[in-house]
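Please find the structures below.
Shared between the two complexes below is subunit A, which has subunit B as its partner in the first and subunit C in the second.
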Partner chain A sequence: MSDRSQALPAPEGEFVETSRFGGLSILFALLALVGLGLGVVGAMVDPAQFSFSWLFAFAFFFTLCAGCFFWTLVHHATDADWSVVVRRQLENIASLLAVMAVFLVPVLLLRHHLYGWMNIPPGHEEALDVKRPYLNWHFFLTRAIVFFAFFIIATQLLRRFSVRQDKDGNPRFTFWMRKLSFISLPMFALCLTFGACDWLMSLNYHWFSTMWGVYIFAGTAGSSMSLLVLVITALRNAGYLQDVVTVEHYHVMGKWMLTFTVFWAYIGFSQYMLIWYANMPEETQYFLVRNTESWWALSMLLVVGRFFGPFAILLMQGFKKRPRRLCLLAAWILCMQLLDMYVIVVPALHGTGVHVSIWDFVPLLGMGATLAFVYLRLLGRTSVFPVRDPRVIESINYQN
Partner chain B sequence: MRTPSGHTVYAMAAEYESATALYEAAKRVRDAGFKRWDVYSPFPIHGMDQAMGLGKSWLSAVVLCGGITGLLTAAVLEFGPSWFIYPVIVHGKPFDWRTVPAFFPIMFELTVLFSAFAAFFAVLIMNGLPRWNHPIFNWDRFSRATNDGFFLAIEARDPRFTEIEARELLESTGGQHITIVHED
Partner chain C sequence: MDSASTAPGVISDEKPLARVPLVLNKRNFSWLTERISGVVEQRAPRWWWVTFTITATIATFGLFCLGYQISTGVGTWGLNHPVGWAWDITNFVFWIGIGHAGTLISAILFLLRQKWRTSINRSAEAMTLFAVMCAAIFPGIHVGRVWMAWFLAPVPNSWGVWPNFRSPLMWDVFAVSTYFTVSVLFWYTGLIPDLATLRDRATSKIKKLLFGIFAVGWRGSNRNWRHYEMAYLLLAGISTPLVLSVHSVVSFDFATSILPTWHTTIFPPYFVAGAIFGGFAMVLTLMIPARAIFKLQDIITPQHIDKMAKIILLTGSFVTYAYTMEFFMAWYSGNQYEKFAFFNRVFGPYWWYWWVGMLFCNMLSPQLFWFKWCRRNIYVVYFVCMCVNAGMWFERFIIIVGGLHRDFLPSSWGMFYPTWVDIWTFIGTLGIFTSLFLLFIRFLPMIAMSEVKIVLPEANPHHGPTADHPPLVATGKERT
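The block that comes next holds the complex of A and B.
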């Protein structure tokens, strides 16, 4: 209906010239080598601190990749039209979950520094013994393998179907991807929830929260949508997706950022208020550590910076239609996700106050550079958007 | 403006073949500078807001005011009694501002409630509702607007409205069954 109704994509798609990013790739590879190399040193020199630093970085990047996987599933399950043009980048980032599986290995190797319950022999603590059927090393390891097996198989299949559709435009791939997504959505919910419980909540085996999985998911979905805004804008600045992604798509992404800003606050507050009100020692210890001493400042920054600020700004319609401003806020939300993961993981080690260590930055650098390097490799292999998707024209001409 | 038979003129109206034709006609009427006019279709047409030159609705501002009123109402009703008028220690919680987490649910609910009321009544007022009848129903063909008809009506109260200009404009945009609709 609009003036853009004549916009047709080139049938062969739009490809990134990998040679343009050759320098960037080498830089990321070097940074990754330096980061991971220093990581090995860190694990030798200060294993207690390093294991928490590594888990913090792992949680941050894992939630970003898993969130992009979630948005791919939502796209297929709801047959959404706006997200067709951004879907290939979601698939690319979701495929990085295979790399995250490798980054889980140090967590498993350093488990005795991270998870106190692994060092307590059975029969020494009754509170732990009743949780033994779930909290034991073999089951822990099995779950980690099952979760990542699912993540890797589902993301690879989704990306493979999508890329094959680029060649022949056969709509049956759309139906396959939709069926796969219907199966994957509940699987994703289970894997993310129990993954969050295993790797983050069990840092303190006394503590429990039934809302933990949803809380992690809320941060996951919101921050990965912010990441998508940044990735799409970077591609557009490099000269791609110019006639494909419009201000309307930014508006939708901004609306999703608003949605999950509110959802994160809703879940985070509900978890806090129920624990605060009931005032039971085994539940309050989590917030006692994080709301006292210097951790209090970071917790408050999280409340204001992750909710009140972005909420007020994203309420404005005009803001969501200005890509440059939306990018600034998206970067801010990513920083807040980083802070969220920091406040979740590190107080388990430094319960008496904030203690920033040099080792906190090394895993971030190593993991981030590795993921960026692999992402650039994936980016060049296919068209930057699914060019033969049956709904791609509809998506290009999308209007709110 | 009256017709020779003595009826007050409500509008000059035309019917269009399709949503696309209506969309194109709307852009022409917008560019001709008319302000008091409307289009009618059995389903929402994407992009019609821009084609009609409607701009952003004022509804969101009204809803924001409603939400802020609700938030302040809740804050006053909660903090007033439990902090100043009748402080009581409940469940070992403090009774000053630090007990604000317990008040958040009420603040949230009243914000939502007042916003919803503001939205509901503002929509009614902005649409000129409730009313018993509308002059456009005086046109027989208009009953198809809920089925398969696409209509455009330029109202007589538009300062630019003249019978000849409106008719010519509707004709040139491909309007059919162009007619004068009476006010009563």
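The block that comes next holds the complex of A and C.
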């Protein structure tokens, strides 16, 4: 690698020319309108199917945004140097959690189609009555508000401090962000865990697993790192971050993708194996549905596609240093995250086999396009990397 | 920080963000060699003999207890119905857990490019080996007929009996033995350059011969280093899944059952986090006195202690998270047996194990490490480490005995009372562990000299002397 010790970014930073993405923005806005408009139709035509399709898309995009929030927190808490140059994009994507809060509203509105426990009056099922103090609508709603309040406040503050540091380079902001991240890490763990329990695990209120929060986290962290690779590469292809992000950063991102590929498999395997081994009906019901009929094929695809394939490929050092190839795998991992969320959510509706509906695609389109539109708006407002972060030079010159 | 590493437009003083050197007081290669080799080359100090005599005596009594138990039978322990596992397996899990920090520091932190690991990895790895040795004693002897332990190996015998490959106890044998083998290889590979240093400095023929044999012809050539670094990286890669697998498999011993408090899906990562938690506490327990006695404060600096304290905080917090999830899911499941078992954990006859061991020692005491002044105060750090050492033993005890002593049938409930053999076998393993560690620091370099030298600024190829990169002093004298 050439010597980069003299590389210095321009003090004013690197800004995206928003006019370049004007057309793309309009396209996303149109797609969002179409997607969300069709979503309204779907909610009226086939509310049961649409509820699950919406929740599936929500879970996918929520985990991606929450994962980027997690990586921002880890960056600050560990005082990392490599991730400075990619941090602004993490902050931008994490800020989209505010949009995700809006997308939770349909889940709340369609709750009676999603969560069977909401339709059972007290006194009808003892197994449910014992968990009523937790599984009741008011507490469910309160928790959702608390979780998103935390996500929104923390992500907005982190981004705001980071952007303010672009102006004067004051290291005071670094310390503020670090402190905020320390406080946020345990909060993040609790909010993600109980969010996952509320929105996903309680689809079947009989089922439970202490590993559930960790399992969702494992997919969250790995897929968001893959998303970061794609976003950074897209920016580089558009001519930005050229002298800032190097193959060394790709190598690190690839290593984190590998780490969380393995971690996801470790957590998934442990959860599955322990439930299979103990063979208790109250636990096996979750996997019985997903391992029988046509769901079996998707579950197997997940095992092979989310772990065995990426694991073997990411072991190779050279692969991680080739952005184009890494992007292909990152896109594949995102597809697998999509599949993972599908296999978690939709079997709760179609327990007898895979039943793909047109409504599965509509929320994906609507949410994805809206998030992409807002992301492009955020992208143009600040430098594409935190130009006056005290560690930015260390980051640019980072070597594995 | 020099100007080349300062961001443009920064207006304030950046001192607090400057990276603190890993070795303080600008110590050079020569000083490191002298100071670390000196520990091995000088005569053993009096305190060493006194301490070794005490620990070796305890170890000997522990070995006597083992002999007594083997010759008489497991009836010498306090095991009964329903408590068929107690101190034996508690001690096993406790020691295996302690054996996790060494390989974590050596392998995972190596892969994560955490250069601060170099000051502590050697002794942590040695500690790992000794802890695994202590751990291996217990499954071996708890089977009762130790002479039949070879049945654990998948060897066909005259009765055509094979081990039950579906049993996690069987997996344990493979997991622990693989872990121990790879840890020995990793530790020894890292030792080779330092053994060569000791060989070259040896003043007696016998020392030269012995260090020479074990240094396997190391000459420090470019070729030697290339092979060494490749081997080290590969071993780090192999060790990393092993660190996770060993305690995961240990957790399977419990979690594959259907016993309340044992069967819970979060056990594997929870056990691994707990192991790293306890392992780091033990590393600090040993290294804090060692650095003071051997005046190694410039190598094992407050920064190292601070970072280890943060890992204790992180893993301790994950353990707290796991405890919380266990309680929450026990309640959420609506399963009366689960609910009772956890209620019994907190308010049953072993209540104080939970309140003191799990709540105070494991959950609350590491929270002190949120505060920098606690991480920088050696007494506070030591206090927390001792809490964690005790807390992790209590945790294993309450998981094992707490899960067994009041099971599904109230008429078969019972209590566990340890006998003197139980107690002294455990204390004996503490003696074996400390004796082996004392022998280690006497005969082998307790800090990886070659690795610490690599993280000095002098070892970094650069364009010329700067504030961070002073010119190499070749005189071998101490630069202050």
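Annotations
Everything below uses one rule, namely that the second predicted complex is superposed on the first by the 398 of 400 C-alpha atoms of A that agree within 3 Å, B and C clash if a C-alpha of one lies under 4 Å from a C-alpha of the other, contacts with A are read in each partner's own complex, and residues count from 1 in each chain.
Everything below uses one rule, namely that a contact is a pair of C-beta atoms (placed from the backbone, for glycine too) under 8 Å apart; a residue touches a chain by one contact, two chains touch by 3 or more.
Just so it is clear, the structure is predicted and the values come from calculations on it, not from any experiment.
Steric overlap between subunit B and subunit C is present once the structures are superposed on subunit A.
Of the two partner chains placed around the shared chain by superposition, neither subunit B nor subunit C is touched by A:W332. Considering which of subunit B and subunit C touches more of subunit A, the answer is C. When both complexes are overlaid on chain A, the residue A:Y277 reaches subunit B and subunit C alike. Shared-chain residue A:Q317: touches subunit B; no touch with subunit C.
Residue contacts after overlaying the shared chain place A:F150 against neither subunit B nor subunit C.
Of the two partner chains, subunit C is the only one touched by A:I267; subunit B is not. Once chain A of one complex is fitted onto chain A of the other, the partner contacts of A:F361 are absent, as it touches neither subunit B nor subunit C. Clashing C-alpha atoms with subunit B appear in just one stretch of subunit C from the list 26-34, 62-70 or 332-340: 26-34.
In the superposition on chain A, the residues of subunit A touched by subunit B in one structure and by subunit C in the other are 273, 277. Those residues of subunit A whose C-beta lies close enough to touch subunit C in the complex are 5-6, 8-11, 126-127, 130-131, 134, 168-172, 174-175, 182, 186, 189, 193, 208-214, 255, 262, 266-267, 270-271, 273-275, 277-278, 280, 282, 387-394, 400. Across the interface of their complex, subunit A is touched by residues 4-14, 16-17, 111, 113, 241, 244, 248, 252, 255-258, 263-269, 317, 321-322, 325-326, 328-329, 331-335, 370, 463 of subunit C. The residues of subunit A lying in touch with subunit B in their complex are 1-2, 269, 272-273, 276-277, 279, 315, 317, 399.
Per the touch definition, subunit B reaches subunit A in the complex via residues 19-20, 23, 45-48, 50, 56, 60, 64, 91-93, 101-102, 104-105.
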